[in-house]
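Look at the two complexes coming up: subunit A is in both, with subunit B in one and subunit C in the other.
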Partner chain A sequence: MTVINTGRKRRLTTYFLREHGGNLLFMLPAFALFAFVELIPFLQSIPISFTDKKAIFAKAWNYVGFSNYAKLITNRTFQDTFLHTAHFTLIYILGANLMGLMLALMIWRGSRLNNLVRTLLFMPFTVSLVASTKVWSYVYTDVLMPITGQPSPLGLTSQVIPGLAVIAIWRDMGYCMLIYIAGLQSIPLEYYEAASVEGASWWTKFFRITVPMLMPAITSNVTLILAWGLRCFDYSQMVITMKAAKTTAVFVYEYIFGNSRAGIGQAAAIILTLVLVVLTNVITVILRRREVEL
Partner chain B sequence: MKKLLSLLLAAAMLLSLSSLAFAEDEINIKVFHYMAQDAKQAGLSAIEDAYTALHPNVKFTNVYYNQGTDYFPQLSTALSSGEQPNVIMGNPGLYPDLVEEGYIMDLTDNQMIKDMNLPAGDLGDVSANGRIYGFPIDFKTWGVFYNTKIFADNGLEVPKTLTELNELQDKLVSLGIDPYVHSFNDAVYGDIEWRNTFWTRAIAAGDTDIFERLMNGDAKWVDLPYAAEALNNIALRLKNARADAMSNTQDMALEVFCSGGAAMRYDGSWNIGSMLNKNPQFEIGYFLVPIDDEGSAKLNVQVDQSFMVNQQAEHADVALDFMEYWLSQGVAWSEISQMPLNTGVVSDKLLPMVRTLAEIKKSGDIAHYGNFTKPLTSAYTTALRTELTSFVESCITGGGMTVEQALANLDAAFADVRALN
Partner chain C sequence: MTVKAAAAKRPMSASARKARNLNILRIAALAIIVIIVLIPFYISFLYSIKTHSDISLNRLAWPQNPTLDNYRRVINENKYVGIGFKNSLLTTIPTVVILLFATSMASYVLARNSGPFYKVMYSIFISGVLVPFQCIMLPLYMNIYNLGLVSTNLGFILARSGLQVSISVLAITGFVKGIPRELEQAAAIDGCGKFGTFWRIVFPLMMPINVTQGVLNTLYVWNDYSTAVVLLRDDSSRTLPLAQIIYFGENMSELNLAFAFFMLAMLPVLVLYLCTQRFIVSGIMSGAVKG
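== the complex of A and B ==
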């Protein structure tokens, strides 16, 4: 029995390496960098969440078990930051994807003009998050306010999250658009021609051919924007005075660094990471199922 | 030939060693600060240049971060990663961890500080646990800065009472002039609008331990009549606020004010130099904002430029010497930054209003933050500022938040911070 299993295992290993070895090698540099700057520091910081460590430069602390987690889960301010984050993420996912898809549908065919428009629409993605917010704070105050007579949404509790989401959508819709364009260009035109022969309307073709065939692109964009939204820090940090705009990532930053409560801040970071991982996986599984059903 | 080559190599090695020795003589002093104003940064550079002229081997690296968002986080990261700034800006009471972890040099016996003969409030602002840890250079205050031309052109008088201040606002509105330009995008502005009444009343009532009691839960905001009075006074000043009041940063608001877009601006003295830099022809006046009709208002005073010496960094002795030099060059600093010195020493090159501020402080008729037993820590300060900004927003947009609700929100926010301590 043992001999047969070993041989089978060896065959499987050889097969796996032959099939995926090249891929793994290509991934290795990126993974090593990711592990060095993200994974290892994150794993190293987990024990801090079980301590009463104050400033991050403090040399002494005590283990307090799960009390930081218990305190956070019942804390109103922390709960509020999750609501703000969820609110922002929801608008951001819908806005960036719908706008990206709409733009992609308009300019997916190759032409010089379309190429130029694509470049222009992608440019905001290359602007830093902080610079985007700075630019938009002037747009809201100095451009839109004189036209509409309405104060900047960045100064209003009821509008600050949508106001920030608009900035994020403006910045990232170009990125979503490019992914959707790649998806649209991979759909065989014969499907549309056959549907036209059958007398299908534009909407029918869109919902019966385009959307199902775009599901891999939708999965990619939704998952990515979801992760970016849940980690939202820079946008919220730019309107730090607004209680209604404080996201969980800002809470983490404030407690680890600003308020010298590294234990609490680290526990909040772990909770945020768990939520992010679980939610991202759930959404990915749901969307992938749609891909499988095709 | 071989001998000659060996000699040349030996000479080259000696030369490189001597250049290394020269490099080691160079001392770099890293100054961490949060002075956003260009006038203050120019003042710091001037003092450093003068020190370098006296000690050519000492050079400086200035590292600036915004106090409201990045300063302490960046400082913490630097310290935990082993990077050691030599000079650290900040009031020690606000950053107790730096003191507890042994970074900050004890200056209680420093002769230069003793020779300044400063009042207890000034020393309180640079102390923690009864020990002095900071060099107190100058002080800040706040109040109403006004456009003297708008006042003169329209025959307006500086108000002496709260009623007169309200009438002044109404008159400006009737003239089609915006009374104030605010900048509540910066958290400190909700805070300073409130301080004038709160500090003055709390000190007059003998509640010098009020911040300590609010932090540990022994006192409640809703039970403090002067907290309600402070919020009511803010609400009165905001009744004709501009539409950009909530979204303006201080820089945006200063642009409006210095170009004559509004008659007044509630601001801190730290921006006097920046106002002049934005518009050198701008004629500014200052008045202490009235808090009632009885003339009870007092000038609020808080040590502004407080600098600590990191004793765990290399060349702590040089950093200490530099700070003592800065204290000795206070007038030069004050002339460039237009900041009033704690000592009350003035020069002809200061604006009249800066001289007046220094004189009022010297008279002792003030409400000094250093007279409170403990300052609010950063977590409570953030909670206070966030809630005050919410109240301010409600006043401006007609959100309907009552003073009682605002105080209850403050109590809830403080309880939340306490729960995570």
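== the complex of A and C ==
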């Protein structure tokens, strides 16, 4: 080990460099795209949130410390949009996951019928969010109103958020379902057989075997839907006349591109990002802990 | 009939009967759920083949004269259908191709190297899934504006490619970790270089995840609204979702035409999904939980 002559050392170094250089070259295109679109703009976005910048290309602006953040936290409109976003996300997470899990339990075994049902239930995922909202506004008025006698939730202040969440659940529960099916298929059948021998009921097996074993899938689905829910923009934008449906993402868009209050809009976007990062980590830690308990 | 009769004759245990009844119940429930899930598709199709008078008479009834005339009219009368299709195709295809090569190469390196440098790189790559578009929207818009790429296909391609890198790397790296290394090692012993090994051995093995991620990326880009509304400011640069929404706002009275436009915009990706669904369904199932 200690008697490495210089020639061999040099050979090792060049070998290492070549190995490393090739790897860097392989990562370069993806990293360049990522840096240009995500990394650099993210680093630029933080200082902007501490300025009183108004128009996007305004030349004159000052650093104002945390005053944008202080203003936002006490701003009634911002609080409202944040509550709308949280309300939407909560229904969306619960609905997409419970529906996805229920469907997965019904069709997790491989069979021709089950495969067909999986294909059909994933179909809504191919429709754009904006088209989904437009089409659903007619489902609400033309199909559901004659049956239930209720007016479309998209026109009611108190129901527009649940109304939009239903559309999001319709669109994405198929995605959650596929991930739950993968989770269910990876659970060894012996566990259930052993539990049956001991006389465990369906519910006992569900809560003692299925749910703990599904924890990685639950973590993956909950954090994914959380991220999609908090950045909700398209759905809200489609019912723009409804103030009760305005989300934080729409607030950010309006402040930056509509109201020429770029500094405040950017601060609101940073708050949204912080909430997403913190919540994702908290949820992951809580759910991971349950994973280990088994 | 004969099968049924035979099944009825055979004495059935109580538990087998219970299982059969449960299965019938399950299939009935699935049928109801599938019908509910497909209602929006049915409505879109129904409205798109109705004449103007049919649609105002009774919306849900099957049309007296089903017609494809709405499709012809919306294509001929609304120039934004053509513009939208052209822009959506010219942005979606390059984006998906760029991502196919860029992210499969990066993911290969990230999956096969475990040093601290590569761990950090992986974390940086996938941290992008935690940054909402609204956070980077303003600086990204300014940078693209300064490059003179606002309202151009190229600007939109760059932005959409960058936005899909994180999720693609996450999915593909998980998949590559599951590919055995033996083939690559054999190729290396045979004197195959890094590039050769990747293109000849690994890339073909990545086909299932690349198809899955390619179709998902197609869906995300084809259906994108929030990025398009920021970056595509000229009428002539509109992609399909923008064109649809603007058309819808201007033609509330002609629902049949608006829905024909919806159907036209939806069909290409729906057909793509149905053709590749075998890969998509298994690809999402295999990649997701590992990540």
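The criterion applied here is as follows: the second predicted complex is superposed on the first by the 259 of 294 C-alpha atoms of A that agree within 3 Å, B and C clash if a C-alpha of one lies under 4 Å from a C-alpha of the other, contacts with A are read in each partner's own complex, and residues count from 1 in each chain.
Throughout what follows, a residue touches a chain if its C-beta (ideal position, glycine included) is under 8 Å from a C-beta of that chain, and two chains touch if they have at least 3 such contacts.
As the structure is a prediction and not an experimental result, all values here were calculated from the model.
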item: First, second, both or neither for A:237, with subunit B first and subunit C second; value: both
item: First (subunit B), second (subunit C), both or neither touched by A:257; value: both
item: Subunit B versus subunit C as contact partner of A:222, first or second or both or neither; value: neither
item: Touching partner for A:54 - first (subunit B), second (subunit C), both, neither; value: first
item: Contacts of A:277 with subunit B and subunit C, given as first, second, both or neither; value: second
item: Touching partner for A:184 - first (subunit B), second (subunit C), both, neither; value: neither
item: Touched partner set for A:135, first subunit B, second subunit C, both or neither; value: second
item: Most subunit A residues touched (candidates subunit B, subunit C); value: C
item: First, second, both or neither for A:29, with subunit B first and subunit C second; value: second
item: Contact residues of subunit A, present in both the subunit B and the subunit C interface; value: 56-57, 237, 253, 256-257
item: Residues of subunit A touching subunit B in the complex; value: 54-59, 71-72, 74-77, 137, 140-141, 145, 149-152, 154-157, 237, 239-243, 246, 253-261, 264
item: Touching residues on subunit B, where the partner in the complex is subunit A; value: 68-69, 72-73, 76-77, 79-80, 97-98, 100-101, 103, 184-187, 190, 243-249, 252, 377-379, 382, 385-387, 389-390, 393, 397, 399, 412-413, 416-417, 419-421
item: In the complex, subunit C residues that touch subunit A; value: 26-27, 29-30, 33-34, 37-41, 43-44, 47, 59-60, 98, 101-103, 105-106, 108-110, 113, 118, 121, 124-125, 128-143, 145, 158-159, 161-163, 165-166, 169, 194-195, 198, 219, 222-226, 229-230, 241, 244-245, 248, 255, 258, 262, 265-266, 269-270, 273-274, 277, 280-281, 284-286, 288-289, 291
item: Of subunit A, residues touching subunit C in the complex; value: 19, 22-23, 26-27, 29-31, 33-34, 36-42, 44-45, 48, 56-57, 103, 106-107, 113, 115, 117-132, 134-136, 138-139, 142-143, 170, 175, 178-179, 181-183, 185-186, 216-217, 220, 227, 230-231, 233-234, 237-238, 248-249, 252-253, 256-257, 262, 265-266, 269-270, 272-273, 276-277, 280
